[in-house]
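Next come the structures, one after another.
In the two complexes that follow, subunit A is the common piece, with subunit B as its partner first and subunit C second.
The block that comes next holds the complex of A and B.
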C-alpha cells in the first residue's frame, strides 16, 4: 500500500467506426415476433385474426358495396352482404348542411371559404410574425363576419359595425401577408402603403366602405333550427374551442388571484362545471337559462347550447392551464419580479408562453374531446352531424340503415381528430427544438 | 437620485422575519456604503438567502426597517417598484427566460417596464452583453449555452436596468467547477468598476480578492462581520471558526 503504483500513461486514440450493425427485416422479425416457439404461435394466431377482420371489413365496405341505388331494398337486392353507401351519397347535403335551405348553401360555403382565407397565413412559415394577429382576429372578429352570412336577417348597429370591422380586419391581414410575401411587387407595395403611411386615409375610408357594404348586405334570415349536419358540429366545436382557451386562462388567473371574491367565484365556477356532466349543463342551458334572463333577451336553442359548451369547456381548460402553470419553477416569477415586470406583463411575456407550450398536448386533447362531445347536442334537439346520420335510418326509402352512416361518421371524426393530434405533435416538436436544443429556427 | 442616503446604499436596522412561527431572521442590522463589496457566507439554512430576498422586496420582513438608496421598503407597491429599478438581482439558478433569446432576455424589461424603443434597448443590451463577454451569443436561446454563459447573461440582464446595487444569490453554486471562474471574473471586474454589491458565496478566494467586508451568518443572525483577511485568518467567534474549518477543509 505504501508503494506508489507506477503511473499509467494513455496515448490519444482517434474515433473508430461503430461495430457492424446487424440490421434488416429478418432480424427485426426474429427479435420482435418469432423469438420463441410460444411467440411464433401467438404471432401467427394474431396475424390470422387481424387478417380475417380486415378482410371481412374490406369485403363489406368495398368489394360488395353498392354505390348507386335508390332505396335500401335495391341495395339489398343487388348485393346482400355489402355496405349501402348509396344512402350516404344521396344524403350528402343533409349530412353536411342539415336542413339549411338548398338555395342558400353558398352562404355556408362562402363563410367556411373565408375562414380558410383567414387562417391561411398560419400555414405559411414566412408569415410567422402574423400568427398572433391571425388568432386574435379569428376569435374576436370572425364571428361578426360569419353571422350575417350564416344567419342573415336584420341586425343592429353593433352587428353592422362588427361586420365592417371584421371586413377591415381581413383586408388588413391580407395586406400584411402580401406586403410580407412580395414586398417588391406592385400589389405588395400598395398593401404596405395601406398599412403604413396611407393608414390615415385608408382606415376611415375603409371603415366607411366596409360599413356601406355591410348596409347593402341583407340576406334572408335562416333560423338556427334549420342549421345542421357537419356544418353545425363545426360551428359548435369551433366556437367552443376558440372560447375555451381564453376562458380557461382567465378562469385560472382568477383562481390564482389574491382577491378572495374573485378567487372563490372562480373556484366555485370551475368545481361546479367540472363535477356536472356536459349533458346536464346542456339541459340546464336550454331549460334554466331562459328563466334567469329578461324576456326580451330570449336566445335560441343553438346559442344556449353554445354558451353551455363554452362555460363547460372553459372550466375544463382552466384545469389544464393550472397544470402548465404549476410546472414552471418559482424562479421565473422571481426573476420577472426582480426585473420590475408587473402582473400582466409577467403573465403575458413570461408565464403563459412557457406554460401554454407545456400544455399543448393537454390542450389539443381537450379540443379533441370537445369536438366529440358536441355530438351530445343532438339530445337537446339540434340536428348535428350524428343526428343527421341517424336520420338516414328513419327515412322511409332507407329505413333501418344505421351501420353505414355511423361507420362513415366514425371515419370523419377520426380524420378530424387525427389531424388535430398530428398538428399538435408537430407544433410541440418545433417549439421544443427551438427552446431546448436550439437547433435551427 | 435621492440625496439623503449619506452614501448608504443599504441600511438595515433591527430587521426580523418569520415564516409562520419560525423566526428566520433575527434582528439583522448592517449597512452597505456606496462602492462596498460585501460577501455574506453561512451554511444553508442560515437565513442569508432570505436576507437577500428581503433586500429587493421579493420576501417581506415583519419588523425593523430596510432602506435602499434612501427609500424605505414597505408593502406599498410603489416603493417596491422604485427599489426594483435600483437593485439588480442574480439568482443561483440563473432564472433566464428559456423561451426568449439572450438579447430578448436583456431587453424585455427595458422595453416593457422602462418603455425604451426596441433599437435603443438592443443597443443598451449589447453594451452590457459585451461587458460580460457574451455578445457573440446574443441570438441564441439560454438552453444552447453552458451554465457559466447563462449566469453571465443573467448578470448582463440585471445590469441593463442600470442598478445602483447588485445582489448575487450564490451565483456559482449551480455551476460545474470549470465554469466558476468565468463568472467570478465578471463579478470581480464589476467590483473593480466600483459597483456596489452584496454577494452570497463560499468562494473564499473571490471574497479575499474582491470583497472589502465579509459577514458570517448562522441561525438567522449575523455572527461576525469583518474585513476578509481578519475574518478568514483570525475569526473571533467559535461558530465562525467551526464553519470556516469545514469549508477550508473542503477547498
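The block that comes next holds the complex of A and C.
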C-alpha cells in the first residue's frame, strides 16, 4: 500500500504504416468487385451471364444480320440465325409517316421542323427567362400552325386568324431570343425594336402580312385515317400534352376553389379518370361518343381517341399542377392579397408563372408517360408507331416477321424517352439550385 | 375583397356581383345550369340515337345467355350469362393482378437493393434494367414477352418437362393439380382451429401485457413460428391424402393437371418486370432516406451488413417505401388491362370487347367496367390513406 508504484513512462507506439494504396485500379476492383468470397462469385457469374447475353444479341443484331433483302425468305436463306433489318429499311416510310401520301411528306417534315425551332429556346440556358412563354405559345398557338399543314383543306376565318397569330408568335419568340442572345448585333437590335418601340407598327403589319400568307396557303386535304406511324404517335402525344396543360391548370384551380359545387365536380372528375385504365377511357371514347353526340357532329376515330386521351391526361396533369403550386411559399399568395390583386390577377401574374416554371420537369415527365401510353391507341385500331411495326409481320413478303420490328420500336422509344428524361433531370437540378439561391419566400 | 364602393347602381346588380358570397352563388348557379344542360343534352341525344338505331338499353341483358366460350378462366364458366362473363373477367383480371403484385414486390425489393449494392456489377446491371424498362412502353414489353419469349417455346410434342410434374410449351404451362374436394371439411376445420388458437394467444398476451407492463412479456418466437408451421403441415397432409392429377400428353396437346395459357405468363412477366423497375426506385429512395447515422450505429454495435439492413435500415425505410409501393400496385391492377393486346381473357377482353360487340349495350358495359376499376382503386387508396394517418401519428 505504501509502496509507490514504479513510475510509468509514456512510450509512443510506432506510427502505423501508410496504407499501401489509396487510389488505383487494383484497389477499386478489390473494393467494388471482389470484396468478399460471395461478391467474387457473384461478379464472375454476372459478368459471364451478361457477356453471353450481349454477345448473342450482337451476333443476332449485327454479325449475322441481313440488311438488304427482298423478302423474309431471302433473309432466312442468306443468314438463318440473324436479324432481318431489310424489312425495317423497306418499311421506313410507313413506320414514320403511316400511309400519308408520299408527295406530301414535306408538310409533316416542315411542321416538325418548325416545332423544333419553336422549342429551341427551351434548351438554351441563357434564354431561361423565355421558357414560360415558349411553353404557353407552343401549347396555345402551335396547333393552329400545325393543323393547316398536316390536315390541309378548307379552314374557317378562325383557323386563318389562328394561323396568322401563330406565325406572329413564332416571329416574336425568335425576336426575343435574338434580342437576348446578341443585343449588340444588328439583327438583335432590330429584333428588340420589333418588340419594343416598334411594336405599334410591327404587330398590326405582321398580322396583316401573316393573314395574307395564310390566305394564300391552300394545301389539299389529307384525311386523318391516312396518318400513321411515329408521326401519329407524336401528334397524339403532343395534342394530349397541349390540352392537358390548360386542362390540368383549370381542374386544379377548380379543385382549390372555395365554391363547393365547382370543387366537388373537379374532385369527382379527377378521381374517376385517375382510377380507371386508359384503355377503358379509349373504349369509352370510341363506343360512347357516337351515341352521346348528334349524328351531324360525328368525329373520326383519331379525334375520339384524342379527346379521350385529353380528358385522361388533364386529370393526371392536375396532380402535377398541384405539386407545382404547393411548392410555392404561402407568402406569394399573401403578398398578392396585400397588393389588392383579385383572384384571376393573383393566379395569372403571381402564382401560375412561378408554378409553371417549377413544373417544367414534371411536364416533361408527363410527356414521356404520354408518349409511352399513346401506344394503347393501337388496341382500338389506330395505325400508330406500334401497330405500323406489327403490320410488317402481316405483309405477305415479310409474313411472320415480328421480332425485329418490336426490337427496333423498343430502341426508338428508349432513345426518345431517355434523352428527354435526361434533359428534364438536368433542368430540374438547375431549377432547384436557382430556387435555393434566390431564397424562396 | 370589400370593394363595395357606393356607386350609382349600388344595391343593384353591381353590388351583387362584387360581393364574394353573392358572386359565388351566381357563379355556381351558372355552372350548375351549364352542367345540367350538358347532361340533359347528352341524355336526350343518346335516347334519340338509340331509338333511331333500334338499340335496346337497360341492364336486363345481364341475365341473357352470352353463348361464347372463354379460352381460360380461374372461375368455372361454361357459356353462361353476361353477368357470369363479367365476374369471370373480373376473376381473370384479379388473379393476374394478384400474382403480379406478389412477384413485383419481391423483384422490386431485390432490384432496389441491388441498385445500392457495394458490388459495381450488381449496381450497374440494376441501373441498366431500370432505365431500359422505364423508357419503353409497357404494351411493347407485353408484346415482346409474348412474341419473342413465350411463343418461341417448343410445341407440346417437344415440351420441356420437369420430372414429369410440370410441362412448359407454347400452349401453356401445366402443373399438377390436387383434387381437394374430399378434404374441404378437414381443411376448413383446421383453419378454424388455427384462427381460434391465434386469437386466444393474442388475447392472452395482451392481458398479460396489461397486467405486467409493456416489456414484461417476453417475445416467444418459437411459439409463433410453431403456429406458422401448423398450416404448412396441414396443407402437406392434405396434399398427401388428395388424389393428384398430372399433366400428360394426349394426342396433340396436354390434358390433366392445372394450366395457365402463355398469354397469362407473358402478361405476368411483363407486368412484374415493368412495375418492379418503378418500385425499385421507390425502394432505393426509401433506403436512402434513412439517415446514415442509423447505418453507422448498426455498424458500431457490431451488426453484420445483412443484419444491419434487415433489422435497422429496412424497418425504418418501410415507412417511406409502403405508400408509393401501394400506388404501384394500383397502377399494376389498371395496367393488367393491357393483357387484352395478347388475347388474355381478362375483363376488358371478355366484357368490353366480346360482350359489347355481341350485345351492343355500350353504355351499361362501359359503366360497369369503369365502376369495377374505380371501386378497386379507390378502396386500395382509401386503405393507404388510413395507413398513412396511422404511421404519421405513430411518428410523433
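Keep this in mind: the second predicted complex is superposed on the first by the 363 of 441 C-alpha atoms of A that agree within 3 Å, B and C clash if a C-alpha of one lies under 4 Å from a C-alpha of the other, contacts with A are read in each partner's own complex, and residues count from 1 in each chain.
Methods note: a contact is a pair of C-beta atoms (placed from the backbone, for glycine too) under 8 Å apart; a residue touches a chain by one contact, two chains touch by 3 or more.
Every value quoted in this text rests on a predicted model; they were computed, and no experiment measured them.
**Q** Looking at A:341, would you say it contacts subunit B, subunit C, both, or neither? Reply first, second, both or neither.
**A** It touches subunit B, and subunit C stays clear.
**Q** Quick check for you: in the superposed arrangement, does A:354 touch first (subunit B), second (subunit C), both or neither?
**A** Once the two structures are laid over each other on A, A:354 reaches subunit B alone.
**Q** Tell me the contact category for A:14 with respect to subunit B and subunit C: first, second, both or neither.
**A** Touch status of A:14: no partner.
**Q** Of the partners subunit B and subunit C, which touch A:329 in the superposed model: first, second, both, neither?
**A** first
**Q** Touch check for A:5: first (subunit B), second (subunit C), both, or neither?
**A** A:5 contacts neither subunit B nor subunit C.
**Q** On subunit A, which partner touches more residues: subunit B or subunit C?
**A** Between subunit B and subunit C, the winner on subunit A residue contacts is C.
**Q** Pick one for A:296: touches subunit B only (first), subunit C only (second), both, or neither.
**A** neither
**Q** Could you pull out which residues of subunit A sit against subunit B in one structure and against subunit C in the other?
**A** 342
**Q** Could you list, by residue number, the parts of subunit A that touch subunit B in their complex?
**A** Counting only subunit A, the residues touching subunit B are 329, 331-332, 334-335, 337-342, 345, 349-350, 353-354, 357, 434-438.
**Q** Flag every residue of subunit B that touches subunit A in the complex, lowest number first.
**A** So the residues of subunit B in touch with subunit A come to 53, 56-58, 81, 84-85, 87-89, 91, 93, 95-99, 108-109, 112-113, 140-141, 143-144, 157-158, 161.
**Q** Which residues of subunit A touch subunit C once you look at their complex with the stated criterion?
**A** So the residues of subunit A in touch with subunit C come to 31-33, 35, 39, 42-43, 46-47, 50, 258-262, 265, 271-272, 274-277, 279-280, 283-284, 287-288, 290-295, 342, 368, 371-373, 375-376, 378-379, 386, 390, 402-403, 406-407, 409-410, 413-414, 417-418, 421.
**Q** Mind listing the subunit C positions that touch subunit A in their complex?
**A** 1, 24, 27-28, 31-32, 35, 42, 45-46, 48-50, 52, 118-122, 125, 131-132, 134-141, 143-144, 147-148, 330, 334-335, 337-338, 340-341, 348, 352, 356, 362-363, 366, 369-370, 373-374, 377-378, 381
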